[in-house]
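Both complexes below contain chain A, partnered by chain B and then by chain C.
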Partner chain A sequence: MNGATLAADAMALPLQTELLPEGLNISFKLLPAILVIGMMLTFLAAGFLYKVADSDDMWVAGRSIGNVENGMAIGANWMSAASYLGMAALIALSGVYGLAFVVGWTTGYFILLIFLAAQMRRFGKYTAPDFIGDRFNSDTARAIAAITTFLIGFVYALGQARGMGLVGLYILGDPGIPGVTGYQAMMIVFMVITIAYLSLSGMLGATKNMVLQYVILIGAFLVGLLVTGWTAGFSTILPQLEYGVLISELSAEFSAPFAGGSYYLWIATCFSLIFGTCGLPHVLVRFYTVENERVARWSTVWGLFFICLLYLSAPAFAAFGTALYGSEIGAVYGDPGMSSAAGDVIVVLAAQLAGLPSWLVGIVAAGGIAAAVATTAGLFIAASSAISHDIYATIINEDATQRQQVLVGRLSIIAIGALSIVFALDPQQPVAALVSFAFSLAAIVLFPMFFLGLWWENTNRQGALSGMIVGLIVWFIPMFNEGNFGLINGGAGWGIDVLATWMPAIGSGLVGVPIVFAVTIVVSLVTDEPPEKTKMLVRQCHSPDPMDRDVTAAEIVAQKTEDRVTSDDD
Partner chain B sequence: MYKRILIPTDGSDVAEAAIKQAVDLASKYDAELHALYVVDTDAVAYGLGAEQVDRLQQGKFGEMTELREEAESATQFVHDLAEENGVDVVEHHAGGQPHQVIANHAEDNDIDLIVMGSHGRSGVRRALLGSVTERTLRSTHTPVLVVDYQDVE
Partner chain C sequence: MTGAERPQSELDPDETNRSPADPDPAEETTLRTDGGMSDVEREQQIDYLDVEINLLRPATPFMRDHQRVILTGFAIWVLTTFGPITATRLAPGLMTQPMPILQFPLHYFLLAIVGPSSALLLSIWYCRKRDEIDEKYGIKQGIPEAETAESVSEDVTAADGGVSE
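Up next, the complex of A and B:
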């Protein structure tokens, strides 16, 4: 694959009308099917058990969520099909380029930890659009942020849908419904199950379920890797290190730096992923529920540890998969080479090619589905809260009752689910690339608002509005240029080469983030300063004075303003 | 006859219509009024995110300012109206599924009468939104007085 971008490679894909991972054993398998169904039932049961617990007195302190538990929840919420399947896929397909994902998806947490987590906690809002609406005193800004949140959830879910569909093919096979390919049938089945879950139990994203989902996904991944490495004779007990000896045996495309993506593309992707991490609404929300800032920091450390368990293993899985594919199926690189569909299931494929029994391969596959379900739950709930809380209950109908909010929330989950299904019928990119589009969006539109909003008190409404609108446009340009969503030229896009080289959709943050920062700052400077009260609010968010747990920055500011008025009276 | 009257409220106009009747009854019978605001955990999950449900379960209702203010202003309305009429009030805030919490609360506190407002919805709207009042009727043995709310506009 040449360096012109992955997108260029994937643009050839629409010719390949059916997503069919070559080499994958596609048939109905009883034991893996039972495993997956059992796992889904366990999630539902956990969600249900959690739901019936009514708390009669909410003023009494209950059991708090500890660092480790919160860390696991961060891990499950975070690691989607993109981490479980997509990361190994990109490393297998494009070698060193894939490492941009390992680096980007971990580094982002440091920025989040240093600049945003504790400050957001102090601001004391529930959702990301809430923060933007209140910080910039604008319902329009709130609405744009809510729509962006919805859009992020939708784009992110495309990757999850593709992952579920491909893995589903291994477990349940091609049902042979006329007019629908096996991939499409499986993708629809698993997406519908996930949507039904969420509409039944909004609690699926609660910490208890997250911990369960994390344990399943990490267990499946590590066991799969260990056994695959052992059986195929690549490694013994530490495949994460032992795969190193394979490097010299694998083709240059795997191990030579920047063979599968230019240096610029690597940097652009990494940049987008780092700042996208800090702008993702479903990641930030986890920091609101922690006991205090100290717990916020420690749970991030634990979260990173739990994430790294998988991230350090993914390159090893990719290497084993590539080696097995090369020896059992055919050349990995060149023409025809490994298809992106096979790449996306390389984790499952490696386990299968190593000759593991189908129930064991089934466990690896089930882990992929757990990862996709866990993250989709978090994303869809973030999208539903953007619609039902931020747009419906705050802007459209201020007197909305709780039941009406539930209804709107459920309807938005069904809407975003249906939308994802339609657009995932013929996904033009591998899982990890689809997901990174959502990261570009979060990095370009939301991150600058969070960062400037919390750290520069002169950022005002006009600046935020123009920044976000410019950001949305900037994000759409490379998306359409490369023909994503299949809306322009029947999926071919405008195909402007210069744009595809310097502003690839997969890493559009590198160009987009500075543009949005500049627009926001310039517009804020030439228009009126924000009201004094807003400025005090910003200062309070990173003031060195410790804050009590049960107050928000807004309350302290209200208090101070009152004090000032009274002292003026004296 | 009625020593303790429970008035669940969500701060809406519908609830307020019922509150007037409940206060009147309480003053006639010299009963104690229990004002109950239930934070619907489903609404929190879909509206604010499942993490916020965790937060409620951890007993951190106090730090969730907006939610708390809404609950407090809803029960405060009952409190004020009751005080004007010389009725004793107990305020409660709870979380869960509203009809279940209301039924449990009635049982645990020896409530003699529950007074609730109802939209009187029918057809599609009823099928979609349901009725807390209707579900409460089916979950409790305590007598329930349903006050139908007619939108005057």
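Up next, the complex of A and C:
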């Protein structure tokens, strides 16, 4: 695939529909602008304070992060524009179908917890590609995993960019730059800020910031919800439970079971999101930053708790937004109905329509930006470490110095940022849909490798390679079929109906994950078993013996094997 | 499916027992104080580098206990995650009835609130169970000695907070 040509095509395409959320007050607002800019400066200052040149510190913060702090970082890392904005959008626009996102994006953590978190920590490698490369003894597997990580970061970031651009419109307005829409200008401004910040700080800074970002984000969301519900007369102190009364007053589309998507689509989407959660490299990297596997487990619980605070509130925000939109702007459903751009800012819109003062709406909007920045930061770190650590230092230049690695890491952050900006100039899908494509990819290509790699020692290199290659192909099929990102026929895609019904890109994991599992298992069975040393690596991940900090499973295996040889010699 | 290719030797727990991985004297002492539970004793003898890892066939007492918790949790999780939407598909009339007091249509409440909350409760349940298993087998983890001495006391409190939550 020629990225340059694609990018050029995307640039040349006339922008048919400008992204303009109807009803949103688009103008420059001083107080919200100060809030956001002050917030970004705080992030940059924090990033500067923690600026590090040592790449060990850069990637996993020296593994010194505790339970609650790591839980909050998991929360901030996780709660992207898709959670903060996109989920309420889908619940408002697609009703019960949108709840597949609430369920999928929370319950997936349980699977992550029982099957992967602690074992990943024991394995003790820096990145997801590192795990795959070492577990399957293959630099090719490592490279495929690194490319997948990069691709996930890119697709995921498109959703974040769209969120930043739309919310940016409320805060800074349309600067009126000729040839660039207001959305595009805002999207570029905030993406550049994210990249500048990330280029300066490594993960130590980023993690500290993420605790800060979580607090800002959840505070803004919950205060916004509380005040919106109160002012509009929908709720008092517990809007998360009180919106139930409102549901019967909303159009039937809001709560009718399968009005916004079929049962199959619901299950497929939810399944993809659950197993995507377990395969996302920027989520897993959080488990390398903790003291030991018990902390890995409990910080997952804390992470889920912090995530649930937002996820139990988003449907309430959607209900309030839907009610206010219906009474003040027009019918939410039907033609024309609420646009997907307005849907994506429904959280901000609800606060604005409830008549909150602009500084308060600004806080809600600033939280949306924080959500997008925090997640984009985590994604870009995972993507750039895939390039600098897994491809550059491991495959291209084995003698790379730390300085060279850090340089390559920074350059790849700038590269992925630029690529995301180009493709986010005219995104065809709402935030949550864009992000869920990345989840499908993580579910199909990476999750089976993690799961089988940790739970079945006979999974071998051939199995993993064929599984991942089949997985990538399987992921691309529905993407091409639906013409996402304008890739095929200018965005029309192949348009095969059967495929679109049974294997939608938004939930392709339901079909893809079992296929990749089957391929990996069958190929592993018919080829040679992995070497004993690799099996020992897997066994070490399951041993209950406590492991010291900064020790990897591979080191323990090497040491024990040596001990045995010595004692045999005796 | 994964059972077919089980490699020969060392995999039977009983056989593993007799494997020559001699525990060091310190471990022997803790073993005695453990009250002589047979699972625990057997576990002490096992060198994990000789134990086959297969989710479907746990090879040690510890892994068997752990697997039981994992699979029980997983089964409940399947019900709480996919049960409500499936029930709504099967009996839409019944499932969309408004609930007393809260007024939510039942399916909406089960999906939006019960789904995420039960994943959280299950997670807490799992971590506690796992801590219990660790305790049973005398696995000490969570607050490494070195850490208490250092400036990371905040993290230690956090770890404790996790348990009491």
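Quick notes
By definition in this document, the second predicted complex is superposed on the first by the 521 of 570 C-alpha atoms of A that agree within 3 Å, B and C clash if a C-alpha of one lies under 4 Å from a C-alpha of the other, contacts with A are read in each partner's own complex, and residues count from 1 in each chain.
Operating definition for what follows: contacts are C-beta pairs under 8 Å (C-beta built on N, C-alpha and C of every residue); 3 or more make two chains touch, one makes a residue touch a chain.
This is a predicted model, so every value here is computed, not measured.
Judged by the touch definition given at the top, the superposed model places A:311 against chain C, while chain B stays out of reach. When the two complexes are overlaid on their common chain A, residue A:543 makes contact with chain C while staying clear of chain B. In the superposed model, A:225 makes contact with neither chain B nor chain C. Contacts of A:382 after superposition on the shared chain: chain B is touched, whereas chain C is not. When the two structures are aligned on the shared chain, A:525 is found in touch with chain C, with no touch to chain B. Of the two partner chains placed around the shared chain by superposition, chain B is the only one that A:393 touches, whereas chain C remains out of contact. By the touch criterion defined above, A:110 lies against chain C but remains apart from chain B after alignment on the C-alpha atoms of chain A.
The residues of chain A shared by its contacts with chain B and with chain C are 64-65, 549. Residue ranges on chain C touching chain A, taken from their complex, read 1-2, 4-5, 7, 43, 47-55, 62-63, 69-70, 73-74, 77, 80-82, 85-86, 88-89, 92, 95-96, 98-99, 102-105, 107-109, 111-113, 115-120, 122-124, 126-127, 130-131, 134, 137, 139-142, 144, 147, 152, 154-156, 158-159, 161-163, 165. The part of chain A that touches chain B in the complex is made up of residues 51-65, 124, 126-127, 202-207, 285-286, 288-289, 377, 381-382, 384-385, 388-389, 393, 399, 401-410, 413, 549-552, 554-555. For chain B in complex with chain A, the touching residues are 10, 12-13, 39-43, 45-66, 92-98, 100-101, 104-105, 108, 128-130, 132.
Of all residues in chain A, only 64-69, 96, 99-100, 102-103, 106-107, 109-111, 113-115, 240-241, 244-245, 247-248, 255-258, 263, 266-267, 270, 274, 291-295, 297-302, 304-305, 308, 311-312, 315, 454-458, 521, 525, 529, 535-536, 538-546, 548-549, 557, 560-561 touch chain C in the complex they form.
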